[in-house]
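Quick heads-up: structures coming right below.
Two complexes, one shared chain (chain A), two partners (chain B, chain C).
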Partner chain A sequence: MDSITEKIKRQSESTRKDRFGRTLSWTALTFIVLVVALIFAFVLSRGLNTFIANKVSVTDFLFGTTWNPSVVNPKTHQPFVGALPMIMGSFLVTFLSAIVATPFAIGTALFMTEIAKKRGAKIMQPIVELLVGIPSVVYGFIGLTVIVPFMRGVVGGSGFGILSGTIVLFVMILPTVTSMTVDTLKSVPRHYRESALAIGATRWQMIYKVILRAATPGILTAVVFGMARAFGEALAVQMVIGNAALMPTGLTTPASTLTSVLTMGIGNTVMGSLQNNVLWTLAMILLLMSLVFNLIIRMIGSKGELK
Partner chain B sequence: MNAKLADKIATTVIYVIAGMVALVLFSMLGFILVQGLPHLSWHFLTSPALSFEAGGGIGIQLFNSFYLLVLAMVISFPIALGAAIYLNEYAKKSVWTNIIRTAIEILSSLPSVVVGLFGFLLFVVQFKFGFSILSGAIALSIFNLPLLTRSIETSLAQIPYLQREAGAALGLSRWETVLHVVLPAAVPSIVTGVVLSAGRVFGEAAALIFTAGQSAPALNFMDWNPFNISSPLSPMRPAETLAVHIWKINSEGIMPDLNLVSAGASAVLIIVVLIFNFSARKLGMKLFKKLTSS
Partner chain C sequence: MKNQDNILITRDVRLWYGQKEALHGIDLDFPQKGITALIGPSGSGKSTYLRALNRMHDLEDNVTVTGSFTFDGSDIYAPTTDTVELRKKIGMVFQQPNPFPFSIYDNVVFGLRLAGVRDRQTLDEAVEKSLKAASIWKEVKDSLNKSALGLSGGQQQRVSIARVLATSPELLLLDEPTSALDPVSSHNIEETLMNLRDQYAMIIVTHSMSQASRISDRTAFFLDGDLIEVDDTRKIFLDPSQKKTQDYISGRFG
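Showing the complex of A and B:
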C-alpha cells in the first residue's frame, strides 16, 4: 500500500525533465530581459550624469546651438554643449530619406505584387532581399566614392553634407521599406482585389482606392521601421556627412548627426569627464528615440487592428 | 480625368519608379563587384594590411570576421534557442509575457552603435577585457540575440499543434516533446534563420569599433594555443574585422590605395552575404527534404 502511494506521489521522470527544460529556457529568456535592463541602466546612468553631476541644464543641452564641450562659455561658466546641431542633423537625414524612399518603395512594391508578379518575384525579390543584408559600411563606402564627388561636382563645396547623408540613407533603407511593404501588400486578401475589379474598377482604381487603403497601417509601419534604422545608422552616415558639429545652414554644407559625433568622440575622451558624459547623453537620446519609434509602430499596429 | 487614362498614367509611373529602383540597386551591386572583383587575389585575401603603403591585403581582418562570427553564434544561439522555446512553448498570454516581448522588440530596434557603447562600457572598461575578441563577440551576440530569438520562435510556431498533441498522447512531457518532436521538425527553418542572421553579423561594424577595437596586430598562424596573445585563437587580442577595416581606412584616409582595398573588401563582404543568403535557402530546403518524408 505504502509503496503505491509513494509511487504515485513521487515525481515522475518526465516531470523532472520538464521542470529542468522549463527552467533552462526560462533562464535564457530572463537573461535577454536582463541585458535590455542593463543597457538601459548603464546608458541612462551615464547619460544623466551631464545633468546631475555636471549640472548642465536640460534646455541648454537640447536647444543650445553651439557644440564645443572642451571650451567654457565665459558668460555662463558652462561648457558649450548645445546638442541641437546634431539632433537637427539626425532628424533631417531621417525624415528626408524616409520622404524620398516612401514613394519609391511603394511604387516598387506595387510593381512586384500587382503589376508584374513574375518579374517581381524572379528579379526584384532576390535583389531587394540581398540588399537588405548588405553591410552599412558598404553603403558608406559607395557614398564616399560616388555620391560625395558627384555632389562636389554638381553643387560645389566639399560634397559632404546632409544631402549626401540623405542619399546614402535613402538607398540603405529603400530595400528594407520595400520588402516590408511587399509583405503588407501580399497580406491584403485576394477577394478585396476581386471585388474591386468585379464592380468595374480599373487596376489603378483598385490599387489606389482599395489595396493602398487596406495596407496603410502596414506601409506606415514599414516607413517608421526604415526611419528607426536611418536614425540609428552610424558609420554610413558618418562617412559622408562631413562631421562638423554646426547648425545645418544648408543641405550641402558639412553637418553631423548624433551617431556620427558619438563614433568620432567616444574613443577620444576620458571616462567620467564632462566631454565624455555629454556623449553618453547623446547615446541616451538615441536610446529614447528608438523607444519612441517602437511606440509609434505599436500604435499604428493597434489602430490597424481595430479596423 | 478619364479612369482609363488615369490607369495608364499610373501604370507607367509605377513602371518608371520600379525601373529606377532596379537601376539604382543593380548599378550599386555592379559598381562594387566591378570595382572590387579585379582586385581580389590570393595575395589580397591572405596578406596582412599595410597602413602607409599600397599593396596590403585583408587576411587578418577576414580571419577576424569569421572568428568573431563563430564566437558570436556560439554564444547567442543557445540563449536565443532557449528564449524562443520558452516564449513559444511555455509562456502563457499575460502582461509579463507581453513585457518580455516588448523588451526583445526594443533590443532589436536599438541602434547597433548603442549596443557597441554598452559593450565598451561594461566589458572593455568595467570588466577590463580591453579591446578584444571577447568583448566584440559578446557585443555581437547582444546585437544578434533579439533577431535570432524572433526567427527561431517563428520557426517553432510554424510546427502544427497536432505534433505537440501527438507527443503528449505518447506520454511525453512538454520538454521531451519539444526536444524530440518539435525541434527536429523545425530544424530546416531554424537553420535558414541562423545562416541569414550570420550574414548580418558578418557585416556589422558599429557594434565592434569600440569593443573588438580598430587594430589588427600580426598573428602567428602556426600557433593555435588560445592562451598566447599572438595566436589567431586568442580571445583577448584586439581584432579589427573586415567591415570595421573598410570604415577605418576610409575615415583615416592615409592608405594610398584605400579605394582599391575598400572596393575589394566590400566585394568580399557582399559575396559572403550572397553566399549566406543563397546557402540559407538551399540548406534549409535540403534539410527539410532529408528530415521529412516529403
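Showing the complex of A and C:
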C-alpha cells in the first residue's frame, strides 16, 4: 500500500513541475506576442490617423510627389504630404544595394565553402562575423568621410545621393547576405558534390550546375534578408543620402528614404499633430514592408526546402 | 586468371589517413565483365579501397594513396590522368540514393550535358535507354519531368544508377547500394545489377553476405585493411581456403 501511495505522490510532483514549466513558457510566449501585437496596434492606430483624423487621401499620400508637411497646399487645403519621393528612395537604395551585393556575396561564400575551405573558416568567417556586428553609425560615418567626398570628386555635385547610400548599404548588407549564403551552401548535402564529381563534373561544373542550383532558395532568402535590413536601415543612409525629400531624378542627386525622413523629423513635431501623424504613417509603411519581406522569406523557405 | 582479360589491375595498394595506414597492400584484379563483391566487417577497408579506384579520395586532404592502378592499360594515379575523364569511365553509385533536386530527366542526362551533348533526340534516347537498363523506365516514363526527390528510396537509387549508366562507363563502382533500402527495393536493385552483369564490369561493396552470394561472380574478403582471400563466389562461400574467411562467412565474427 505504502509504495503505491508514494508512487502516486511522486507522479503528482512531476506533473506539477511539468505544469510549472509549461506555465512559465506560456507566460513568456504570451508576453512576447502581446508586445508585438501592441506595437502593431500602436503604429497602425497612429499611422492611420493621417487618413482618418486629418482626412488626407491615401492616393495623395502614396503618390504625391511633394513632401512639405508644414506648408498647406492651396488646392486641397491639406499640407503637402506626398510620400512617393521617400518610398522611391527607400526602394531604390534597397534594390540597388541588393543587386550589387548578391554577386559579391555568392562569390565570397563560394570561396569560403568550396574553394578555400580552410582559409575560409579561419580568416573569412571571423571577418564576416565582425562586419555583421559593426554598428551602422560607423558605416555611415565612413560613408560620410570617404564615399561622399569621393562621389563629389568623381561625378560632381554635393556627393550625397542614392548612389552613396547604395554603396554604404552594399557594404552593410554584404556580410549578412554572405554569411547566410555560406550557411546555405554548407547545408547542400555532401553527396551532391560527390555524385556530381563521380559522374565526371569539373569543380566549376559541380558548383554552378549542382550546388548553386540546389542552394538557390536559400540564396534568395539571404538576399531578401539583406534587402529587409537595407530597407529598415536609418542612420547610415541618413548620413550619406542628402535628405532632400525630392523625387529622385538621378543617382547622384540628394534624395531621402522613409527611415531618414523619420529620424530627421520625429524630434521636431508635436504628438497628435498632422506633421507627427504622417511620420507614423511612414513608420507604418516600414512595418508593413518588413512584414512583406518576412512573408517572402517564408514563401521561399516553404517552397524550396532542401532535402 | 589471364591478365589481358582484366579491365582493372591493382598492385600493392596502400592508403593512409594522415599517419594511419588503412590499406596494407592490396593486390586485386577485375575481369572485363561480371560482378565482384567486396565483403568484410565495418572498417575493413573495402569502401576505402573502392573509393580509391575513381580517386574520390582526392576530395579529402591528408589521404595518401600508393600502389599501381592499371585501368584499361593506363595508370589511374598518373599525374597526367584527367580525373574528369576517368570518372566518366568509372561510374560510381553511392550508399545513399542521391538524385539531384532536379527532374528525373535532368538527372539522367546530367553527365551527358556536362560532356556537352545538347541534341534533344540524343538525350531523349539516352534517357530511355539508361532508365530501361536500370529497370525503372516503366515506373517513371510518364513522369520524367517530375522531381526525382518525389520517388521512393529504391526508385531514387535506380535513377542514380541510370544517371551513371547514361555516361556509358566501362566500370561501375557500387558502394553499399542497397544498405539504405527496404528488402523489396533491394531486390529490385539486385535484379537490375544482374541484368547488367553481361555488359559491365561491376564492383560492389556490400555488408550483406547473402547479397554477395546471390549476385556476384567473384568475392573478395577484406579484414582490417588486408585482402584475405579472393575467388569465385561459390568457392568463397562453400569452401574458403582461409580460416578467417570461413569464420566470417559463418558469422563467427564481424
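Please note the rule applied: the second predicted complex is superposed on the first by the 294 of 307 C-alpha atoms of A that agree within 3 Å, B and C clash if a C-alpha of one lies under 4 Å from a C-alpha of the other, contacts with A are read in each partner's own complex, and residues count from 1 in each chain.
Just so it is clear, contacts are C-beta pairs under 8 Å (C-beta built on N, C-alpha and C of every residue); 3 or more make two chains touch, one makes a residue touch a chain.
Everything numeric here is computed off the predicted structure, so don't read it as measured data.
Asker: Of the two partner chains, chain B (first) and chain C (second), which one does A:205 touch, if any: first, second, both, or neither?
Answerer: A:205 contacts both chain B and chain C.
Asker: Based on the superposed arrangement, let me know which partner A:195 touches: chain B (first), chain C (second), both, or neither?
Answerer: In the superposed model, A:195 contacts chain C only, not chain B.
Asker: Give one of first, second, both or neither to describe whether A:213 is in contact with chain B, with chain C, with both, or with none.
Answerer: Second partner only.
Asker: Where does A:160 make contact in the superposed view: on chain B (first), on chain C (second), on both, or on neither?
Answerer: neither
Asker: Identify the partner contact of A:259: answer first if only chain B is touched, second if only chain C is, both if each is, neither if none is.
Answerer: After superposing on A, A:259 lies in contact with chain B but is clear of chain C.
Asker: Looking only at chain A, is it chain B or chain C that touches more of its residues?
Answerer: Counting contacted residues of chain A, the larger count belongs to B.
Asker: In the superposed arrangement, what residues of chain A touch both chain B and chain C?
Answerer: Overlap of chain B and chain C footprints on chain A: residues 202, 205.
Asker: What does chain B use to touch chain A in their complex?
Answerer: Counting only chain B, the residues touching chain A are 3-4, 6-7, 10-11, 13-15, 17-18, 20-22, 24-26, 28-29, 31-32, 78-83, 85-87, 89-91, 100, 102-107, 109-115, 117-118, 120-122, 125, 142, 145-146, 149, 171-176, 178-179, 196, 199-200, 202-206, 209-210, 243-244, 246-247, 250-251, 259, 262-263, 266, 269-270, 273-274, 276-277.
Asker: Which of the residues in chain A end up touching chain C in this complex?
Answerer: Per the touch definition, chain A meets chain C at residues 189, 191-202, 205, 209-210, 213-214, 306-307.
Asker: In their complex, what parts of chain C are in touch with chain A?
Answerer: By the definition above, chain C touches chain A via 54, 56, 59, 83-85, 87-88, 91-92, 94, 96, 98, 100-102, 110-111, 113-115, 149, 160, 163-164, 167.
Asker: Touching chain B in the complex: which residues of chain A?
Answerer: Going by the criterion above, the answer is residues 14-15, 17-18, 20-22, 24-29, 31-33, 35-39, 42-43, 46, 103-104, 107-108, 110-112, 115-116, 123-124, 127-131, 133-138, 140-142, 144-146, 171, 174-175, 178, 202-205, 207-208, 228, 231-235, 238-239, 259, 262-263, 266-267, 271, 280, 283, 286-287, 290-291, 293-294.
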